[in-house]
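Per-chain numbering from 1; labels A, B, C and D assigned in written order.
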Amino acid sequence: MEKPFAITLDVGSSLANKTGSWRVERPVYIDRLPPCNDACPAGENVQGWLYYAEAGEYEQAWRQLVQDNPFPAVMGRVCYHPCETVCNRAQLDEAVGINAVERFLGDQAIEHGWSFEAAPPSSGGRVLVVGAGPAGLSTAYHLRRLGHAVVIYEAGATPGGMMRFGIPKYRLPRDVLDAEVERICALGVELHLNRKVTDLPVTMRDDGFDAVFLAVGAQLAKRAYLPAGDSAHILDAVSLLHSMEGASPPRLGRRVVVYGGGDTAMDAARTARRLGATDAVVVYRRTRERMPAHDVEVEEATDEGVFMKWLSTITEVDEGQILLEQMVLDDKGFPQPTGRFEKLDADCVVLALGEESDLSLLTGMDDVEIADGVVQVGPDLMTGHPGLFAGGDVVPAERTATNAIGNGKRAARTIDGWLRGETPREPARHELASFEHLNTWYYADAPKTERPRLELVRRTSTFDEVVGGLDETNALFEARRCLSCGNCFECDNCFGVCPDNAVVKLGPGKRYEFDYDYCKGCGICMVECPCGAIVMEPERA
Amino acid sequence: MLSQLEGSRAVAGAVVCCRPQVVCAYPITPQTHIVEAIGASVKSRQLKHCRFINVESEFAAMSVAIGASATGARAYTATASQGLLFMIEAVYNAAGLGLPVVMTLANRAIGAPINIWNDHSDAMAVRDSGWVMLFAEDNQTATDLHVQAFRLAEELSLPVMVCMDGYVLTHATERVDVPTQEQVDAFLPPYKPRQVLDPADPVSIGAMVGPEAFTEVRYLAHAKQLQALERIGEVAGEFAEGFGRHSGGLVSTYHVEDAEVVIVALGSVLGTIKDATDELRANGARVGVVGITSFRPFPLDALREAIGDARKVVVVERAFSAGFGGVLSTDVGLAISDAKARLSTVVAGLGGRAVTEAGLIGVFEDALGDRLEALRFLDLDKDVVDRELARMAGTRRSGPSAENVLRDLGTVASGAL
Amino acid sequence: MSKAETDGAITTTQPVKFYQVGSFAVGNRLVDPSLRTVQADAARTNAITSGHRACQGCGEALGARYVLDAAMRATGGKLVAVNATGCLEVFTTPYPETSWQLPWLHSLFGNAASVATGVAAALEVQGRNDVRVIAQAGDGGTVDIGFGCLSGMFERNDDVLFVCYDNEAYMNTGVQRSGATPPAARTATTEAVGREPGNPFDQGKNLPRLAMAHGIRYVATATVADLHDLEAKVERAMDFRGARYLHLLVPCPLGWSSAPADTIRIARLAKESGLFPVFEAVDGEVTAASGIRRLVPVEEYLRLQGRFRHLFDSSGAVARTDIVARLQKLADANVERFGLLQPEVT
Amino acid sequence: MTVRAQGEHRVAAGEVDGSTTTAGPRGRPELFQVRFHGRGGQGVVTAAELLSVAAFLQGRFAQAFPSFGSERAGAPVVAFCRISGTEIRTHAPVDAPDAVVVQDATLLHQVDLFNGLGPEGYLLVNTTHSLDDMGLGGLADRLHRERIVTVPATDLALEYLGRPVPNVVLLGGLAALCGVVSLDSVVAAVHERFAGAVADGNAAAATEAYRLVTAEAKTANKEAVAHA
């Protein structure tokens, strides 16, 4: 077509005009640290595995998850999920049910018998792990994946530590625990049961280990002196819960008093109900607010008919009866005696005053510092003794399985570094993806899926699992509630809202890139990015 | 086919034979009979594959034509006077975009005072719009020029305006040989656009052009007009072959060979001038006539040649530029600038004022006797004008001149002959 | 207690939706491509391609691409666009470059509707009814200088979709007041001075309602903030024959003196405040209105725009409570008229 | 309207048929000019056009045009017709008609009907009254008595057409009065323009008018002779 000069033009010719020169600020894609990842004691990349889960790629999601935590099925039951506490979605409607999805993935893995990728060829390093609790097993798992030979010496007859002896069946069915422990062993971890280490230096020397991770946990119940009659029936929570794993459950009587305010106290009281106690009373010297037990535990306990007695101390125990003194909190929040007393019928008293570690195996190791009954370690979890590391309940930290697993992962990294003679670099942490970084307009409203709970009658009569799992539909639903804070989830917004077509779409999983030839730097993409994965950076002057 | 019919209908018949595909109509006297007749042909399916669109204004009429033409359709409309002025922005645009729209202009005066009768003020207002402007001397020419107009327009990708005097031609019933469909089909090939809006080959039409290219664009518009100057004569020749009569061309001449005095004019007044010429020649006066058919492009050379050695050139025109004088005269003056002929402008027939043979004979005689001023208003009632001038000088609030003059003449507006 | 709690069942089924997508984001890797917007498609037309000279954050450049890409999909690429004079025309086609990637014609400021009528007529007589016609203009070319031709096109029910990109003033000539300029807005010809600063109240032309009064088949309003809604309306418009009208709100960072990055946010607030009702009308009757999702007071919309700066003090607090109240009244009236706080009417 | 003309394209001067014609102004041969007076709605313009068609059908050149104006129904209107054996080039209005046709006698005292009508001119008036009744007796001194004729055209129209439209009827009278066109070509023109009853009625009425005028002219002639 012979076109009239200047007035009629060939289409698309403006591509010759590179408007990128107009730009004083340039958009840049970034990844921010989602609050859930930031808060996870086990260092899980929650957003990372939810990204796969929401796509229905469950095995992929599970594999992403176990990069950091080999116990999804256990965690999905017993973790107190700090991730959900900080979830940005909570400010929209409700936090994403991360824990429920984790459990779903863990159960899927067991159901389909997914196993870990085989460990890499041996690095030559040989590490002893003392104790097959969450910390020990986690360390062993990660060390194997780093190519080291790992041997676990476990004093008990079964692995799992507090996951088995501290957490009742109705919260964590044993087959689930066994399955995930077994999967770790299958990775080539040498597990020696009934092997109590009494003299660590000797063991280290004789069995020729290059490094040791000490994770014996805290198994000894703290005792308190209570004036008691000869016939008074007093036992401690640790041995109560421990004995639940044995053949014959202990007899407690109809009226059980539990003394203490931690999760263990709740477990003990709920166990008592299940063993037939009509009255299960938790006596605690302070108030509900100051109680260390997690809310969910307290709620479930009270649901099941456990009675709470705040601001009380047991001053005397007799057959069938105890004497309580009422307390008041002083202005510093410490309980002070009031001199007022009351009696309470009780067939037995269970003491749940916390646990201590048995550190006798360290006798004679002067370079290992012990304070307040726990081993002192540096940020790399190494004790004063070269090559001796410690984690879990034997070091100062919150005593939860999740934290222990996190310790194990961290220890494995530092042990690996120590064995290679390197100081391992902590992976750089991105800026936190806080709520203000999000453009929440683009997320539709979607309330959390409640996990079904077992009928109350059955909860107080049997040890069936109380909290059920999600089926696939609502697991997917829950996963898709994730806002993917700070991490591109390919919603195409930047691609769509650019007035200059200066965003290039790279295809599924490949995200996008900016075409700086044409980007004028208006910043609409930054404002309209739902998850805050774009920042504007000034152009160099 | 030889017929006795109204000029408007003759033109409508010719346009219908040209098979326009989009015809826009907005009523304004004295153009209405043309589009009415075309509309009837479309409704009766005599003219097929044509959309007849009743638009809401002349501005829309030309705009619809622009859109249709740019989409490869043969587009036609007609207007007059105020209507032309109302569409003038689009008139320039059609030319600027090089769209071969054909339009009939039924020449009529421009108000105020409002006046529905014939003169050429409207055509002169779009003199510089870039359109080819052809003037018809009678209804035969008017009819034939439309057929040539589509041919020229589409060949050159330029809009063409055929000017015919309102009422004097549009409403006159005369003998006209109306082209037949066969003749027109043989003469006018289907429209092949130079540029077209087509999804298969998209282009952007109507870009914004800055100082870097605007002069070139305007020059090209001029160059196109110069091409038209070549083609108009040739097309008239080809038309004569196909239709057996001569119509169009750049200029027409009558007894110029030995003329001392030549009158130059546009449109239907030429017939009356020729009658006057015969009268004078019968008494031995050497007078002649040059009719300008192609006003744009303006035929400088052809005109110079036609005027030859006349010592006096009189431009009789139905328009004028207040504060200056003749409009056509300016162009004619340029054509004879290096000849020794003296030029006079006679402004005649404004707003439907009759131009009589007697009056024209007077003009010729005064020209021959060197009594003709440089600028004369033919049949001007000097007394009326002087009285109004006096009134205006006398009282600040002298009121509207038009009404004053009518009152002075004792005429009721437009009632009398 | 939920059913699950009473019978101990371990499942609660819920419909699986895509909550990252909602119905708001441009697309999402998880949804079926057919549920994504045209803009999410890497193979979209880009009817206006890169290199155009629109200001940073131009809402009109964005809106025009949204509309035309959607129309291109709806028509299988058989589309012709006619453009009135204005920003859109100037920033897309300065010789020697054009940004358009479809057949496009610019004639004059006031005649886009008529030119489109001519294009449609030409296509019809050539038997090319598969090719569709869109005419587009700014608010000036629609409600003011272009209104005569537009009304004629409506009245004749010519087969044209006319799209008004409304940025509420004459931006191309330096932000002068138009018949679509909202009350109290500062423009170069309604300066923010005197007792009633900015554009007077009780003026202006509501073109969507005028279009409805013409009884044309389809009339809709939309903003650049809800792409799904906009594209659905363009597609719907293309299902009808005859005259159709789409009125699209396109914020102008220059004329509204707002941050270029806020263009879409401001459009969103215009709708969520009720000041700009988003609705659909078929055969002259309102058939659907997009409900307000997160209602905001008008000042949240006004505060982001320099053209309303005179209504606030330096701290950003409302200084002219009287004027803001009048504007809020207008928003409330829209909420009332279109039932914007009720669940979607459809 | 379109009608086939007798003879070839553009009949040249002198090639006209033998019907009577009088000399036009400035002695140009065969130019005959008619002015029609009537009121808007009486078909004045149609009358002029039909006359031009009738002439055209006789192979003559003709030109018809209205007095260009914006008159509404009822207002006095004028139309012209030029007939010539040679091509008509002028487009000036008719200032000196050879014949004047008055379709509505009530115009007599409102408009100067006889302006420019020379002593050789013809006058045809639609009326049932006599010239004297109308106070036009004096005209006999200005014009040849036998060239002044009245016809009850409206009555004839009512009789033959059922409608009071005198224009075509008067054309029959004009043909008889001055023979500028033949009755046959008037009838032919009528049939070209109209169809069915309207055509037939008009033709019959025109024919009757032709008969009446021919008769009246004869008696007028006799009177003229007697006076002499």
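In the analysis below, a residue touches a chain if its C-beta (ideal position, glycine included) is under 8 Å from a C-beta of that chain, and two chains touch if they have at least 3 such contacts.
A quick note: this is a predicted structure, and the numbers were derived from the prediction, not measured.
Colleague: A-B versus B-C: which has more C-beta pairs touching?
Modeller: The greater number of contacts lies at B-C.
Colleague: Let me have the rounded angstrom distance from the C-alpha centre of subunit A over to the C-alpha centre of subunit C, please.
Modeller: 49
Colleague: Using Cα averages as centroids, what's the distance between subunit A and subunit B in whole Å?
Modeller: Distance between chain centres, rounded to whole Å: 93 Å.
Colleague: In whole angstrom, how far does the Cα centroid of subunit A sit from the Cα centroid of subunit D?
Modeller: 116
Colleague: Of all the residues in subunit B, which ones touch at least 2 other chains?
Modeller: Touching at least two other chains: 97, 202-207, 209, 213.
Colleague: Subunit C: which residues touch two or more other chains?
Modeller: Each of 92-93, 95-96, 98, 100-102 in subunit C touches at least two other chains.
Colleague: Please list, in label order, each pair of chains that touches.
Modeller: By the stated definition, chains touch in these pairs: A-B, A-C, B-C, B-D.
Colleague: Can you tell me which positions in subunit C touch subunit B when the two form their complex?
Modeller: 77-80, 82-83, 89-90, 92-96, 98, 100-108, 110-111, 114-126, 131, 148-149, 151-152, 155-156
Colleague: Within the complex, which stretch of subunit B touches subunit C?
Modeller: 21-22, 24, 49-51, 53-57, 59-60, 63-73, 75, 89-90, 93, 97, 197-199, 202-210, 212-213
Colleague: Can you check the complex and tell me which residues of subunit C touch subunit A?
Modeller: On the subunit C side, the touching residues are 2, 4-30, 36-37, 39-40, 42, 46, 48-54, 56-59, 61-62, 65, 92-93, 95-102, 227, 253, 259-265, 268, 294.
Colleague: Give every residue of subunit A touching subunit B within the complex, in rising order.
Modeller: Subunit A reaches subunit B through residues 1-11.
Colleague: Can you list the subunit D residues touching subunit B in their complex?
Modeller: 1-5, 9-10, 26, 48-49, 52-53, 56-57, 61-70, 75, 78, 88-93, 95
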